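Residue numbering begins at 1 within each chain, and the chains themselves are lettered A, B and C in the order written.
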Amino acid sequence: MMALIVRRVVVATLIAGLGALPIVTSLSGDAFALTLFTRIVILALAATSLNLILGYGGMVSFGHAAYLGIGGYAVGILAHEGIDSGFVQWPVAIIASALAALVIGLLCLRTRGVYFIMITLAFSQMIYYVFAGLDRYGGDDGLTIYHRSEFAGLIDLGAKGEFYYLCLALLLLAIWLVSHLMNSRFGMVVRGARSNERRMRAIGFPTFRYRLACFVIAGTMCGLAGALLANHTDFVSPAMMHWTRSGDLIVMVVFGGMGSLFGPLFGAIALLALEEALSRVTEYWQIILGPLLLLIVLYARGGIDGLLERIGGTLRSRPRRD
Amino acid sequence: MTEALLQVEALTKRFGGITASDAITLDVVDRELHAVIGPNGAGKTTLLGQLAGELVANAGSIRFAGIDITGMPAWRRSALGLARSFQITSLFLDFAAIDNVALAVQAHAGHSFRFWRDARREPELREPARAALERVGLGDRAKVLAANLSHGEQRQLEIAMAIATGPRMLLLDEPMAGMGPDESSRLVAMLRELKREVAILLVEHDMEAVFALADRITVLVYGRVIASGPPDAIRADPEVRRAYLGEEARHG
Amino acid sequence: MLLLLEQCLNGLQFGLLLFLLAAGLTLVFGIMDLVNLAHGSLYMMGAYFAASFSALVGSFVAGAGLALGATLLLGIALEVVALRKLYGRDHLDQVLGTFGLILFFNELVRLIWGPAGLSVALPDWLNRPVELLPGIFYPAYRLAIITVALAVAAALYLMVMRTRLGMLIRAGASNREMVGALGVDIRLLYTLVFGLGAALAALAGLMEAPILTVQIGMGENILILAFVVIVIGGIGSIRGAFISAIFVGLVDTVGRAFLPDLLRLVLSPAAASTAAPALSSMLIYLLMASVLVLRPEGLFPAGGR
């Protein structure tokens, strides 16, 4: 019980803080913090989508950043061709990611364990090379976006505060959707398949189709995050979907606490804040981050969410609804 | 003569040079308890694996309720009414006991592309789950995490999951393994009740239980059926005594 | 025709390099059940050491030898200090932990050698064409790579099949407790196997160094290709790795060389030159996808894994 209360208090405080951020930064004049947290929120959305398949579903996909890239390039390419309307760009981003996830899922989900990790990595690398080879759209150097997505005056994505609130709203909406999804019948199948796939098949579940559906939902959500990211940076490049980005997302999910609703958000904040802090210490901050990752893996695997559980005083066990 | 519920014809399975199942033929009729016994390595689990759909036979056929299921994947067989329990406990350890059983119920309650409603609050899933738990004697342990149940309770949960799907036939793989005498006799009593409702193929080492429950017994040695018939006939069969029971009688 | 032969030889050479990497990866995974993403970092270190030592000593071959030794020591140190703690852990943990190591090595290299790429000079006797057949010339160095790699492959095969160590390796792959119970120091065995993998990666790296630019992140690009090789060949199988590595090497090299021309037959020149680079990169992955559809365990999976 205590664990639940501690977690709820922390989450509520966090959401309140995130909600108040633009107001605080406009008063203090610190524009950088708002930019940083917009990025954090967008990546938290991407991490939340990965949590669906990794945290809840047990599918270790090392190619999830590919959907960030696909969503981002949908916006970038359409903008480049003169189509600035968000009402066209964003649905294209979502549909393109969904289709890509469907094809990749159909191929990859026939495999297990290490094979799955390697294959998702390989396919995302393939997509990286495809986009790097598109000279028309900037190739390796990337593509600048001169106008952010237009929504017919409903919202101005160029205004930092408005854009931030949109991202935050989408993130919270996504988390709410995930909470319903993972407690529904569908979610039970996905989680059961993670727990014991052999048993799931023995009791009568054709698990493949459910895991595929979960994979597609995750890819789609990540594609939306990609569209947001493109708008945030006014720039798309193959680097968005480099496999190290996929690694970052996995780090966020794992260290936030796998299979927990707000874990990905904790993880995104932790990783980006850590990167910020370390990069002020030294230009070569990854020399510290790398071994730190290894140490955390070896000695602190429950992640932040697990830490909160322990602070609450009870052992982590029941998959509770947050 | 009506066709038996389960009809196994010349079932053969080879692993490289080893013939684990050698032209096994047997049948199970409705509401009978048919036990399969044999020394270790006789191929009992391989047989079950082929019946359940985890292993693909090299030759032979399996018919269930008149349908040829020889090539059918495991999950489809379950939908037809063929349920199994595992020799080595195979549960959803990070879920509560009732969640384990509710999943089994859910598998047979239509498709699961339902994305919104909380499955833990659906009476059509929870009620049958609770009933199955009561039946095996775990009613008051419903909320306990499967990982925290005792070994005997976990074996009981295995059975609960199998019966929760409302099957026509149960494939039970050494359900008494690792159970103490009290738990075993409780399970025997429950199986005696169950066999009035469903057919049961029971693979077991516990000879007391086998002779107490079985309507027919098939003896497997090195993958071959060496005898098949009612318990008395099996007890008296000299080949069986030589190959298997004789050892048991000496070592108790 | 000449071009085809040259490209085939290049493909063979590339494939053999991939084999050296894949063999190390598959050995380590097969024996210790360890997914080691930092394998590519050892390849990179081999290349960087080769660049530095050969410049220092003034001889490519001597520098290469030193690089091999240095990377071998580095690999063993890495195993003892960090990686052995990952044995027996979840694959996800291993992926994350070794991902951290990649970040570390890439940054370490940037710190020590700087962000610019390095090049390695070849001695004259290697840096000249050799006449294979009348009128057909091929770079001596690439021939040397092919020769060395084939020799190593043969030695590897002999070792795994014919020696006690190889028997222990094969036994360890299928039954760890048994090997331990036989009184063999399993920790030592694991360290040796890892060292072998590191040496193979280093060899690939230092041999490749004069041909490519030695740069940060070079390990990861080729690591992913090594993964593709293993997926196609089947995890745990050295023979499978060999066959699929050659195959992948040939498809990639020959494909890249001839795809633009093939495309020009069916598409307009403009479309062909847009599509060619992207499609060339996709070839191997399409190959992998086809294998997956037909045989998800790979073409030659090692039994019992």
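Simple rule for what comes next: contacts are C-beta pairs under 8 Å (C-beta built on N, C-alpha and C of every residue); 3 or more make two chains touch, one makes a residue touch a chain.
Bear in mind that the values here come from a model prediction, so they are computed numbers and not experimental data.
Chemist: Compute per-chain Cα centres, compare each with the mean of all protein Cα atoms, and return the closest chain.
Modeler: Per-chain C-alpha centroids compared to the overall one single out A.
Chemist: Starting from the Cα centroid of subunit B, hunt down the chain whose centroid lies farthest away.
Modeler: Result for the farthest chain: C.
Chemist: Rounded to the nearest whole Å, what is the centre-to-centre distance of subunit A and subunit B, using the mean of the C-alpha atoms as each centre?
Modeler: Computed from C-alpha means, the inter-chain centre distance equals 43 Å.
Chemist: Would you kindly tell me how far, in whole Å, the mean C-alpha position of subunit C lies from that of subunit B?
Modeler: Here the centre of subunit C sits 48 Å away from the centre of subunit B.
Chemist: Distance between subunit A and subunit C based on Cα centroids, please, to the nearest Å.
Modeler: Whole-Å distance between the two chain centres: 32.
Chemist: Which stretch or stretches of subunit A touch subunit B in the complex?
Modeler: 180-181, 183-189, 191-192, 195-196, 198-207, 210, 213, 317-319, 321
Chemist: Provide the residue numbers of subunit C that touch subunit A in the complex, in ascending order.
Modeler: The touching residues are 29, 35, 82, 85-86, 89, 91-93, 95-108, 110-111, 220, 224, 227-228, 230-231, 235, 274, 277-278, 280-282, 285, 288-289, 292-293, 296.
Chemist: Spell out the part of subunit A that touches subunit C in their complex, as residue ranges.
Modeler: 60, 62, 107-108, 110-111, 113-115, 117-119, 121-123, 125-126, 129-136, 243-244, 247, 250-251, 254, 284-287, 289-294, 297-298, 301
Chemist: Which stretch or stretches of subunit B touch subunit A in the complex?
Modeler: 52, 54, 73-76, 78-79, 83-84, 86, 90-96, 99, 102-104, 106-108, 112-120, 122, 125, 145, 147, 161, 165
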